[in-house]
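Structure incoming, see below.
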Amino acid sequence: GTNSEPAAQASGSDAAAAGGKATKIVVGTGTGFPQVCFIDENGKLTGFDVELLRKIDELLPQYEFEFQTMDFGNLLLSLETDKIDLVAHVMEKNPEREEKYAFNSEPYAHWRNRIVVAKDNDSIQSLDDLQGKKVLTSATSAEAQILENYNKENNKKINIVYQSGQANDTVSQVVSGRVDATIAADFVLPIIDPQSQLKQTGPELTSDDVLYVLRKDDADEKALSDAIDGAITDLKEDGTLSALSTEWLGSDVTGDHAE
Amino acid sequence: MGAPFDIGYVFSFLPKLLDTLGVTLLIVAGSLLTGIVAGFLVALPRMYKIPVLRTLSGVYLSFFRGTPILIQLFLFYYGLPEILKLVGLDLTRAPVMFFVILTYGLHTGAYAAEMIRASVEAVDRGQVEAAYAAGMTPYQAFSRIILPQALGIAVPVFSNLVIALLKDTSLAFTLGVMEMTGKAQTLGTLTQHFIETYIALAFIYLIISFTLEKMLLAAERRLTRHENREDKRESIFRLKKRGSYRTVLADINIGKGGGA
Amino acid sequence: MQLDPSFIWTAFWQLLGAIPTTLSITAVSVLAGFVIGAATAMLRMYRVPVLAQIASAYVTFIRGTPMLTHLLIIYFGLPMIIDGLAEHFGWSFRSVSIPMIGFAYISFSITAGAYMSEVVRAGILAVDRGQVEAAQSVGMTTFQSLRRIVFPQALAAALPNLANSVIGMLHGSTLAFAVSVVDINAKAQIVASTNWKFFEAYLAAALIFWGLTVLIERVAALIEKRVGAYNRGGVV
Amino acid sequence: MIALSHISKAFGRNQVLQDISLNVNRGEVVVILGPSGSGKTTLLRCVNYLEKPGSGQIAVGDFQVDCSRARRGDVLQLRRKTAMVFQQYNLFRHKTALENVMEALLVVKKLPAAEARKRSIALLEKVGLGAKLDEYPSRLSGGQQQRVGIARALALEPEVILFDEPTSALDPELVGEVLEVIRAIAREGITMIVVTHEMGFARDVANRVVFMDGGVIVEEGTPDEVFQHPKEERTKQFLRRITPEANYSI
Amino acid sequence: MIALSHISKAFGRNQVLQDISLNVNRGEVVVILGPSGSGKTTLLRCVNYLEKPGSGQIAVGDFQVDCSRARRGDVLQLRRKTAMVFQQYNLFRHKTALENVMEALLVVKKLPAAEARKRSIALLEKVGLGAKLDEYPSRLSGGQQQRVGIARALALEPEVILFDEPTSALDPELVGEVLEVIRAIAREGITMIVVTHEMGFARDVANRVVFMDGGVIVEEGTPDEVFQHPKEERTKQFLRRITPEANYSI
């Protein structure tokens, strides 16, 4: 990564630039997820997802990555409408998404969703305990999918509260008791809650690979997907991936696969 | 809500937000240009009552004034390229800024069209007749008599329009344009000092709109200096005298009542 | 992307459920805004010392800044103030008891108030001074002439602007999602996220907003016709 | 009936009325003449306090007000003893002809609606508008509007009626009908002050003509005295300018 | 000089002018009289095509237009041969008195600025406004505005000047000064059609008086004929209403 432009289209790699004719790939990501994809105090787009892609870009001279940021809720729509070629936002693979989108096959992290409640709340252990309670989540997220699925199977028991993400108020909503819980991945929680006012509780609700999302039935996308898989395997092998994970997420969350 | 309130952050955020002022102003200027062109195109068929076109501009006006700009942004950013693909034009990868300026431009165009029509119509009919009676051609009458007067009438409405546009740009970040509001959010996320960022943000918007308003007011004074009377009677309830077209439009607020 | 017209229809029906939220935000902010606006306008027109300056500053600030910042400042700032005060004075009330939509109500009312004050002011200024003088000359008190002569005419004059403001607030209510209030626009996003048909959902939302706006315009025109009946007609 | 003593009025630094004293007896009709800007309107408006005089006393009937310390109640009482007919009619635009006349009866005199209605209809018939009761002002001709204005003024049964150029906003053809109504009222013995440039009317109806210029009363007397044998040079000059038509006998 | 033949004009179903023919000789001054709505203004506006007549011919000087097939260029030429003075003055509000007069000279006659300026100043001095060259209309009195309007009309050196109630929007005192200017122009032998209710003026200046009602010419003749010995009942009736003052000799 060469540049520290304030965001939208930060170009990807020197390697590709040197290599001449590289295919331009527009990577869609966000700015609202600290440590994963966000803008640092120098105005530079960075984070685990971003830096990993920059590394992958270095390994793939045939591609040149360009980042485009947007609201999380618009990422998949943008992918679908060709605005971007790839979604990188620690996206978890789930059956609903698989139906409509393609994923690469080599995961670069692992996502274990659990219920998150305020530190002093011991009354909640499972989704069943959330019946009649308010649970915060953001529209289009995989966590929303879990809750909606639960409600579908149990005839609307959990009271889902959607947030747009603009106010960045998850922690305060849970701590203040406006909502009773939220759902988050193990490695996400310390990031959004550096002061540890929340805790995870109950069993893993889902356990899925974190992958890049691509368009379905698209040969170019398939080629890209395969190339990325190769690069990720390389980065795993030389330890770069786990180093990145430790650097940004505090621990290595890249090791295992979904059961 | 993160950290406790600290006024110091407000000041430290100001320069950082100002970094992106250029983007905000670019959107405003670009949309304004687009909007005025669109406004003329839409206003003309309505003023000259051209069949079909007039109905079309009616629909245009109704749509852009009838739906929130936020939704218009989505529809244009995602929908327009799909439609254009049908006619073989691929705009999918055009920069976001293009769509943002286009949408704000078309949105502004709807209000500009009404501004143009209302100001031209507010010019006393007798002015045109006097011009015709003196043997001017319609073009001469329009450019030398109507337009200069309509400009003066339009300024206050234009001022509202520009400021509404400025404020509306605060929604462009939803499509990922890193303008001031988007920047404010990233600053808030980074530091957890949300309220301070938004106060700083509001402050900057306030200064800009205030400056714009004053500049346009000066322009209005200049353009309507012929209407200045020496004896301005001050009073809560104004005595309306016939003949001054300023009174016709002075209170019309074709602009928008709220935020988005 | 392939457009699925049938989903526009499906989404449309689901979005109808969010209309009450959107309308309640609009109604509350317009009504409260009108009261705030009328008071503000009066303070300014009668040049009440100090208060008139505060009123002007309020109007300038609100009209010069985006509605989204009002909402966010209220959302983050109000709890800080309330909880601070509550702690200080030992009240049991805490900001948590304010429902999320409450912040939208409060913030948008403040926004609407500033716009309404201009609407009210323009309406009253539109009333010919001769009307007040005529009322005074037949011996009406100031209050009588305001209530019976000025206000009815001001209302008629202000109606178009009033309708504009209502529409502005209707459209502005889309911002409420920033504080987790699910209005029509937010609902569109949620509805779409179950099957990823965003575009169709936004189209449906646009249609609803468009319909509501046209409805408001029509109603306003109807009221204007009745209230302003005296304005039409032949001579003079 | 009316006694104005030492009325002065300034707008900012512009002294519009200077120490004006004028007495009008019960039943008298006084016409005020004078060039534009001489203060005629201002004087009339001072009488019912639409303009607050700087100093002086105003007496209407047995009610007297000292302008330097008039209170709200005094002003209200003064206004209820006088009625005004405006040049621009100033009918309440959102009320029909009938409602315009009824309004003050209901609000100020607190008459029951039926009674107010009956009296208003009678008055409107008197000014020849029995057929226009339910029309809004915007649908009446200027002359008709002015006649509603006169009926509205009469409704309060004021001791004094003040007319400020009641016909100057009318088309020449409509002037006659309004003057006819005013003439009829004058015959009933109501005290009136009329600002007008209608010489024929003044001659016919006025008991006294007052000529003002520059905020002072220059000359006053019977119409004959003022029109035929003006004493002051300024009066002569003014009359020459305002009645060029008088040179041509038709 | 002017020959109107069989001019008809309708607004929607309202037939405002019915087959009107009127000839005005070079240097003649014709006054048109008639009740409100009789079509006087419409007739005047037809002469310079501000209103498009439904049918008929208009000739000004040696230039003739058939209304049923007038083209743009014809209209323009017709308008350049005539000038109009409006009741509401219609001065260009954003131009000073001088610029108002210069405007047409620059734009229509394409005179060089210096020349246009010189001629305009001369004209404004002629109407007594040499001191007000740089004032905007909003700062002039009605009479002054109307005089600028007349200067503007004269600037084009038209063959005909049309006046539509040029004094009816003026305060009584200001009427005289405008009539005086018109009178002076009449003496110079310019052809004029004047719509006015000023009887004295008509008597004094007009060569011919035309009385219109209901879109037709009811009667025409010398002022003496029409005013003193009207032949038609409608004319008599109208004259009685418009000159009630004539009953009082001052």
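All chains are identified by letter, namely A, B, C, D and E, in their written order; residue positions are counted from 1 within each chain.
We adopt the following convention: contacts are C-beta pairs under 8 Å (C-beta built on N, C-alpha and C of every residue); 3 or more make two chains touch, one makes a residue touch a chain.
Which protein is which chain? UniProt says B = Cysteine ABC transporter permease; C = L-cystine transport system permease protein TcyM; D, E = Phosphate ABC transporter ATP-binding protein.
None of these values were measured; they are calculated from a predicted model.
Chemist: Chains touching subunit B and subunit C alike, please list them.
Modeler: A
Chemist: Count the smallest number of chain-to-chain hops linking subunit B with subunit D, moving only between touching chains.
Modeler: 2
Chemist: In terms of CA centres, which chain lies closest to the overall middle?
Modeler: Looking at where each chain's C-alpha mean falls, the closest to the middle is B.
Chemist: Tell me, please, which chain's centre (mean of its C-alpha atoms) is farthest from the centre of subunit D?
Modeler: Result for max centroid distance from subunit D is chain A.
Chemist: For the chain pair with the highest number of C-beta contact pairs, give its two chain identifiers.
Modeler: B-C
Chemist: Indicate the whole-number Å distance between the mean C-alpha point of subunit B and the mean C-alpha point of subunit E.
Modeler: A distance of 44 Å separates the two centres.
Chemist: Please work out the Cα centroid separation of subunit A and subunit B, and write it as a whole number of Å.
Modeler: 38
Chemist: Between subunit A and subunit E, what's the gap in Å when you average each chain's C-alpha atoms?
Modeler: 82
Chemist: Would you mind pulling out the distance in Å between where the CA atoms of subunit A average out and where those of subunit D do?
Modeler: Taking the mean C-alpha position of each chain, the two centres sit 83 Å apart.
Chemist: Which parts of subunit C, given as residue numbers and ranges, touch two or more other chains?
Modeler: Subunit C, residues with two or more chain partners: 1, 72, 76, 79, 128, 130-131, 198-199.
Chemist: What parts of subunit B, by residue number, touch at least two of the other chains?
Modeler: Expected reply: 1, 74, 78, 82, 194.
Chemist: Give me the residues of subunit A that touch two or more other chains.
Modeler: 74, 77, 81-82, 166-167, 169
Chemist: Touching pairs of chains, all of them, please.
Modeler: A-B, A-C, B-C, B-E, C-D, D-E
Chemist: Residue numbers of subunit E touching subunit B in their complex, please.
Modeler: My answer: residues 48, 50, 76, 79-80, 82-84, 86, 88, 90-96, 103-104, 107-108, 136-139, 152, 156.
Chemist: Along subunit A, where are the residues that touch subunit C in the complex?
Modeler: 73-74, 76-77, 80-82, 96, 100-101, 136, 139-141, 144, 148, 161-164, 166-167, 169, 173, 176-178
Chemist: Residue numbers of subunit C touching subunit B in their complex, please.
Modeler: Touching subunit B: residues 1, 3, 45-46, 60-61, 63-70, 72-73, 76-77, 79-80, 108, 111-112, 115, 118-119, 122-132, 150, 157, 160-161, 164-172, 174-175, 185, 188, 198-199, 202-203, 205-206, 209-210, 213-214 of subunit C.
Chemist: Write out the stretch or stretches of subunit D touching subunit E in their complex.
Modeler: Its residues touching subunit E are 35-36, 168, 171-173, 175-176, 179, 197-201, 203-204, 227-228, 241-250.
Chemist: Taking the touch rule as given, give the residues of subunit C at its contact with subunit A in the complex, in rising order.
Modeler: 1, 72, 75-76, 79, 95-96, 100, 177-180, 182, 186, 189-190, 192-196, 198-199
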